[in-house]
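You will see chain A twice below: alongside chain B first, and alongside chain C after that.
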Partner chain A sequence: MRLQVEAISAGYGRVRVLHEISIAVDNQRVGLFGPNGHGKTTLLRTISGLIRPTAGRVIFDGKDITGRSPQSIVGEGLVHVPQGSTLLPRMTVLEALTLGAYSRRAWPRRRATMEQVFSLFPRLAERRAQRCNTLSGGERQMAAIGAGLMGCPKLLMLDEPTLGLAPKLRAELAQAIHAIAATGVGLLVIDQDIDMLLGLCDRLYLIEQGRVALDVVDRSSIQHQDVLKRYFGSAA
Partner chain B sequence: MLMQGSRIETTGSPPLLEVASVGKSFGALVAVADVSFALRERDILGIAGPNGAGKTTLFNLITGTPFFPDSGRVTFRGTRIDRMAPHRIFRLGLARTFQKEASFANLTVEQNVSLGATYGAGLSGRARERAVDAALERLDLSAMRRQPASSLTVYGTKRLMLASAIVVGPKLLMLDEPASGLTASEVADLQSLILGFRDDGMAILLIEHILPLLFGISERVMVMDFGRKLIEGPPSEVARDQRVIDAYLGGQSEAAHALAG
Partner chain C sequence: MGAIIVSGLVSGALYALVAAGLSLIWGSLGVFNFAHGVLLMTGAYAAWWLSSPDGLGLGLGIGIVGALAFMVVLGFVVYLLLVRPWIGKANAELAVIMTTIAGSIFLQNLILEIFGGRYKTIDQVVTGTVAIGGTTIQAQNLLVIILAPVLLIAMWLFLTRNRTGLAIRAVAQNQDAAQLFGIGVERIYIATFAVSAVLAGVAGILLGGLFNISPDMGTDPLLRAFVVVVFGGLGSLPGTILGAYAIGMIEAFSSYYIGIYWTPVVLFVVLIGVLVVRPTGLMGRPT
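For the complex of A and B:
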């Protein structure tokens, strides 16, 4: 098992957001979905060490990483690309990507990794000398994911990668994420684009009120059809 | 070269909003070029196009925030507004929301809406209270009125932006990607809210990438690419246009056809 989240509780101040939540990510692509404000992002932030849980454990590659610093967790190969544009605006694309390789694991391989990122996102190669604040929304999203890949992740966590993207670009990005997964990188993805999640993931967790409300493993099951009806209306 | 300005018809009542050949450049970058369209009362016009096509810049040119057009005219309710201060445009009856959820995080939900009523409509006293109550009720925010705005979810914050916009009773509501980041059921809820605003007499300009909303409620859709107007027409026609498929819809063109009917 690559990532195991065991009965994690976490929140902000006195507000508890996650209630003894458990999820598992093996060599697979896992999607998190559900209403906004129910803890999906908080779960990713807790896994990546940005929030310290009040109870429970996070096990990654057999190691207990609970309470460790974000940089040491990135060093293990667990990389989190947060929602929205978090790139430093005045940095060039090249600088932003290079910064993504700043862990001990990733640094020696940075040139080869960057070639891979450029072949995945040719647009970034064209824009490499451009400052991040001059990129379009789609290019910024590619740069953020590219910077995540520069950390040589074993598991990549993406928080709403298709947010605000035009349909065509959304489809292109979904393809790129498929290609990333095909190289053996595990994926844990939050998105509201259900068609994308269905096309990408082998396993879906419905997160409601800080808990796993449903764990959908078999996509052809009746349970799966039921989920589609309940949460996505007529989708798929 | 299309004479896009000539497409504005002059039959019947004059349009609520008339945008005539507006343009804006930033240095060598042409953000918006020669865009014209007209909107009548209770119209819903969807605006689509690739990221970076100039949609939000077009909104900025219409509202004079944070810049005016280099060229062209914008007329709202018979008054030229293309050099008018944003607060005066607002008081003429034009309100907008922004792509990024924005609110005064440390103020309560009620105080946020009250600010809109005070500065947007010049209301005070009982009239302001009534307007704020009605807007909160309309957006299902009454129960949260004393909470800080920062405690709202994504959709809550979006509803707060809408409440702050409609509290002034606008004739035109401009929405910039209201559905981004929302779940399917929230999008459905938003859709009925927007249709309700239209039924109350507002015209709607809607920038949106979420196709069920864009094609679900727009009477016409305008697609922009590289700062220019590519096409404007009924959703069914736009969804079938090869240029729109190439530039914007890509692999999602079939979904768009189904939604556009």
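For the complex of A and C:
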């Protein structure tokens, strides 16, 4: 699995958010971090086809997927789990997970995949008949990630999976994400929890003002303090 | 008393079929299809033309199946011409009110031009009468009473079990999430219109067996369906169905005890009363 984002520019209407940004995910786990409002989410939305880039190319496994519909991009095995995940408020967990396997590639395998998702998130199995809007924040996140996994991704893009969660839940989710990575699924993760990203990823990009401000390829070369310094202006 | 309940159940069943289609489209596209009543009327005419000896004379079976197949196509055409160009644009809901009203005026007059103003009748799917609990019911009425819930349950199963049905609800609840699941929103809109048009067609054929077929036969059911949808709660299918039977019953009892001319007044008083207490309708959710 190889994702190459080459000099992508994109935005909303006349507001340009991404400025010729380039990143690569090569059979690995890649983290995106940086201040809010600087284009991380927009980058994922552009990769998954929700936003059409004004310039640049997105190449997935050798295929140019620039400007293709989200539908056909999901079909290639590139799955985006959006942020905050109100997901499908008035659907049961079971229905939401089933829909996660909507793509033609994933649909025939949906029962087997669901067993895997349930063993990864036993809580979802307990809550399967419950409506998504009655789930706790952590459970919603699990349901959203679970639905993403139902699409049989080669590369899973997660947008702030631990946002707003208590430390204990955050650790639980981080563990699950590690388990997903261990199955060989590529990961592209946005998160504010630098510790989690450092523990998970082979490569980190700091995104600032729609550009890559820092590309950390070798994890051993970077210390927590350096990142914090870069991130907040001073070591915490 | 029995006769009043039967009449209420028949109206409730028909309103439920008409309003369910309307509610489905409102739920997933966020627009009101004012051509829904004309779809109902066209379904009845299609069945009449295919089945009646004055038309093609192919018999009622082919008439019904052919009419419903035609409804799928017509639903698609209505979506393509009257709705699609405005989706995602500013004030889409207002634009679509106008385009669907325009479309329904056009279709109504087209039918009038083709088939003339004289009332038509389609054969009843079942004939004769049935005696139940001291009341004699026309078999066609009994069919309506039984068939509507069967169809609504089938629709519920479709929306909760079927891949396309689930996708219809997903698009209604969160379009971005639906797209990220790989759902083609446009295809789902077309499917929604097709299902909605078929429901209208079924209602038209059933109504055509009970009353006469005329170019304006859809106007009244559409008006009632709007009341039902608002009464039951916008976008809530269970609310719509509950609302349909409630309105049907209120109408039947009010027609008998208060009089037919006062019935619309009673209906709207009840509607206003419900909206004062629950502004989102019986089972609607706050937007």
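The rule is short, and it goes like this: the second predicted complex is superposed on the first by the 221 of 236 C-alpha atoms of A that agree within 3 Å, B and C clash if a C-alpha of one lies under 4 Å from a C-alpha of the other, contacts with A are read in each partner's own complex, and residues count from 1 in each chain.
Note that a residue touches a chain if its C-beta (ideal position, glycine included) is under 8 Å from a C-beta of that chain, and two chains touch if they have at least 3 such contacts.
Quantities reported herein were computed from a predicted structural model and do not represent experimental measurements.
Of the two partner chains placed by superposition, only chain B is touched by A:Pro167; chain C is not.
In the overlay built on the shared chain, the residue A:Gly184 is in contact with neither chain B nor chain C. When the two complexes are overlaid on their common chain A, residue A:Pro82 makes contact with chain C while staying clear of chain B.
Contacts of A:Gly13 after superposition: neither chain B nor chain C is touched.
Contacts of A:Gly62 after superposition: neither chain B nor chain C is touched. Of the two partner chains, chain C is the only one touched by A:Gly100; chain B is not. Shared-chain residue A:Pro35: touches chain B; no touch with chain C.
By the touch criterion defined above, A:Gln71 lies against chain C but remains apart from chain B after alignment on the C-alpha atoms of chain A. Look at A:Gly151: by the touch rule set out above, it reaches chain C but stays clear of chain B. In the superposition on chain A, the residues of chain A contacted by chain B and by chain C do not overlap at all. By the touch criterion stated above, chain A contacts chain B in their complex at residues 33-37, 136-139, 160, 163-172, 192, 194-195, 231-233, 235.
Those residues of chain C whose C-beta lies close enough to touch chain A in the complex are 160, 163, 166-167, 169-170, 173-174, 176-184.
Only residues 48-52, 99, 153-156, 177, 180-186, 188, 209, 211, 247-252, 255-256 of chain B touch chain A when the two sit together in their complex. Considering their complex, residues 48-50, 69-71, 74-75, 79-82, 85-91, 95, 98-100, 102-103, 106-107, 147, 151 of chain A touch chain C.
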